[in-house]
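The following blocks contain the structures, represented as structure tokens.
Below, chain A partners chain B and then partners chain C, in two separate complexes.
After this line comes the complex of A and B, so read on.
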């Protein structure tokens, strides 16, 4: 005959195990979805390799009606746009972080960072919309030879979108620097500006790298601004006023215009490239983080 | 020399702040100036009488009401899918997972967080292509598919915010419940979750905001410009972000453009309010723990 207390204990144990199992199941579904996404992209990209279209897709010519499906112009477009946006946003972000951490008046630092925080919440499509209505005609007026839908307009808009990400990463990194370091610098007679430039900035240098990498991946991953503002001509740009097409916009355009199966294969190749880039960024960030935390904690 | 560099750096930082603020103010001011004038019943319902439009008796042409409803339904559906899954995963990672499994799971969550939204949309599109080839030849892009893909997009936010909120609780408080005889589940439900509530809630709000604003995912998974009110979860639908995207390219008259401004302003107010709510909760949450640390 079982002892009543014991069965109750047993039942409680079983319930604990069941709850743990349920939570584990949810975690496996969440994490397995990454594999599912990679699997589907891979499954639809397989014909590229098995039918020997690889050389065709890795070419510089996108003319689907003549049977040319090269995606390299889009790779170049993505890189050009992301690089230009980073080139604009990164110095601005450095300036803003410097301003909030000693170069500007202390009272203005918090509201400034609050505004930057708020900027992360502005929908991308709104940046794109205002850009189409306001910035594109402006570019067209200043440079009459251009349609306005250009590398330049897209880079300006995109830099505004990735700016908060970069600022917040650098800011977090600067905040992690030990208070004692600041106090020591102040005790040695450093002004706040000097502390930032000669003490904090060198200590947070890995954070700068992390911010750059993260900002770059945000810029590569953006679809809507590129699609709305960059003009979408599948070509390698020569000047800032040329129209360009990114990998992300290319995917959206091909799906929307519903063309041949080989065009579809090419967009799955684009998807795999984008997945690979973001995965590489993740691994780079992991390495930077482990090293940065090693460098920061001396005690 | 040192003074010179400091001065130069100060000047540059002022310049950066002024340029950024100027650009943001220009953007938002432009939107505000053009958008506020468009706020009236015509913006939402066009020429349809409002009550008939809300109850769905009469279709709405030239109004953004169907898009508003579409966005709300879409966000609710994807929250329904993502929130239980995200919270459960976050709880597991914070409370139960350990060792190399924990780091593998965390890696997967980070990878998921990094996937661009267009790739998430492409996944949904591929899913439909796959279903057409295999199980259901009739399958087509629809509201449910968009909700699933959006749920995957916001899932990592939910997981990470839940996990960090739980892990931020000081060790002493974790042990109190257990030492008084709670089992781990009771401790979680009666002690840890209430303590982490604000942090988790701010994660949920952020996720909702993210789902409401994303355009790239729905672009590939079934949104259209003229569907009217969503008829069912297996039908096409309209959504605010897509309406803005569509009107930017296709607006043929001043009226349609004004509609675009109105829609953009509404979306901004919606996501802005969600964002500020999340920010407020998050800041009060972290302040609580700072005070607690001081007492202990």
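After this line comes the complex of A and C, so read on.
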């Protein structure tokens, strides 16, 4: 006759094994699909390498009907737009988080975060559409030489779209800082602003990196705002008022062309580059982050 | 709200049906009474209104026939029909020799569509020569003053690489001349109309079927871009719309194509702003 305690122990073990298996399965599926995407991209990009089109595709001239298939203007476009959007959104997000965590009155902080939460639910295409109707004509009226469809208009719209992501990640990190630490800081006579600057922010520095990575990835991966607002001219921008084309918008514009054409092949190179940039930013920031948190621990 | 929408739909069905209730068309559509099965259609977006209305008429007569219509653009149309994913792949351009040989496609032109150069209704410029349009799109003429308008920068709008409208405009009007790399690119006829309607300095081009009071169509070399002038040949920036099948079509698909190319189809084609193609 089995001892009841032992049976229960056995069941617990079984359940743990099942959970482990489930989690392992989920990990394998998610990693596997990422690898599969990379694999397919590579496979479809093979003709570029085997037919010797690589140098042609990595050039600065996109005029498909004159036989020029350079995608570097789009690489520049993607990086310019994502960097500008981050440059606008990240300081703003820091400001909002600071406001909600002690710099501003509590009564306003909560509704502000509520508003940010609400913004995450707005579909991207709505941002794009509103921007085409209001922001683009505004830019055109202020700068008549520009059509309004520009790096500037797209960066403003995109920064609004990635703002909630950045704010919520930083906010979550700040919230995780132990209440006892806050109380200790208060007991030492820190003002809320000092607590934020000298206690909370350093302790949440991991969150800042994570927020930066996520925000940048969203910015560089966005398609619809770039497609609707940035103007899509395949050129390297010289001013904020120039029309630019991102890699994502380029893929969307070219994907419907004749699938035997070289223009069509070029979009797989775009896909690989996008994949590579996102991965590189992830790795670079992760390294910076471990180095930074390592330094913190030694202090 | 839902009720209201249903009433509208019923009315549309009624209209579609009454439009096709002549004796000749009854026998034409009668072909479908003895057929059943499914037709899947995808590709060119300009085709969709014609395809949808034809499908509705046929499915009304014989509920055993199911017809689905999807978009995607000309390139998608070729790919899907070539891979056997749909029965008819629509294109707004002629197939390339590579596409025909790769997939063994058979092509059926059925309608003529004109492409109009257009500006904002507030722009005083109403007529241009072909050469002026070429110079404007090449970026040689940069100010409206040079073609008789106000002193203001010209804002260029063009279409994406996969657009059949762009191909027609570029081949027939620009004679494959350059388009300034600074030109903004929009992804559909609808987006082009919106851009032109908003910007008093803009110039672009779109299918004649899309022209209404929100934009002003430009008189080109003294020819108004109308469907009548496109038909008579006085207006030359036109293209054919095609349906394509992989090899010989099945009897049901063949009947569908014949119906569109017949008198009943011609009525639908005209109703949506196109001209039936000569057989």
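Definition applied: the second predicted complex is superposed on the first by the 240 of 299 C-alpha atoms of A that agree within 3 Å, B and C clash if a C-alpha of one lies under 4 Å from a C-alpha of the other, contacts with A are read in each partner's own complex, and residues count from 1 in each chain.
Quick note on the criterion: a contact is a pair of C-beta atoms (placed from the backbone, for glycine too) under 8 Å apart; a residue touches a chain by one contact, two chains touch by 3 or more.
Just so you know, these numbers come straight off a predicted model, no measurement behind them.
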item: Partner chain in contact with A:263 - chain B first, chain C second, else both or neither; value: second
item: Touched partner set for A:140, first chain B, second chain C, both or neither; value: second
item: Which of chain B and chain C A:17 touches, first, second, both or neither; value: neither
item: Partner chain(s) touched by A:184 [first = chain B, second = chain C, both, neither]; value: neither
item: Which superposed partner A:92 touches (first chain B, second chain C, both, neither); value: first
item: Which superposed partner A:163 touches (first chain B, second chain C, both, neither); value: first
item: Touched partner set for A:231, first chain B, second chain C, both or neither; value: second
item: Touched partner set for A:282, first chain B, second chain C, both or neither; value: first
item: Greater residue coverage of chain A in the superposed arrangement, chain B or chain C; value: B
item: Which superposed partner A:65 touches (first chain B, second chain C, both, neither); value: second
item: Footprint overlap on chain A, comparing chain B with chain C; value: 132, 228, 252, 255-256, 264
item: Chain B to chain A touching residues, read off their complex; value: 2, 5-6, 9-10, 12-17, 19-21, 23-24, 26-27, 30-31, 34, 84-86, 88-89, 91-93, 96-97, 104-105, 107-112, 114-123, 125-127, 129-130, 152, 155, 159, 183-185, 209, 212-213, 215-216, 219-220, 241, 244-245, 247-249, 257, 260, 264, 267-268, 271-272, 274-276, 279
item: Complex contacts: residues of chain C adjacent to chain A; value: 72-76, 78-79, 96, 98-99, 102, 152-153, 155, 157, 160-162, 170, 176, 178, 181-187, 191, 194-195, 198-199, 201-202
item: For the chain A and chain B complex, residues of the former touching the latter; value: 12, 15-16, 19-20, 22-24, 26-27, 29-37, 40-41, 43-44, 91-96, 98-99, 103-104, 112, 115, 117-130, 132-134, 160, 163, 191, 193-194, 196-197, 217, 220-224, 228, 248, 251-252, 255-256, 264, 267-268, 271, 274-275, 278-279, 281-282, 286
item: Contacting residues of chain A [partner chain C, same complex]; value: 62-66, 132, 136-137, 140, 144-145, 147-149, 227-228, 231-235, 242-243, 245, 252-260, 263-264
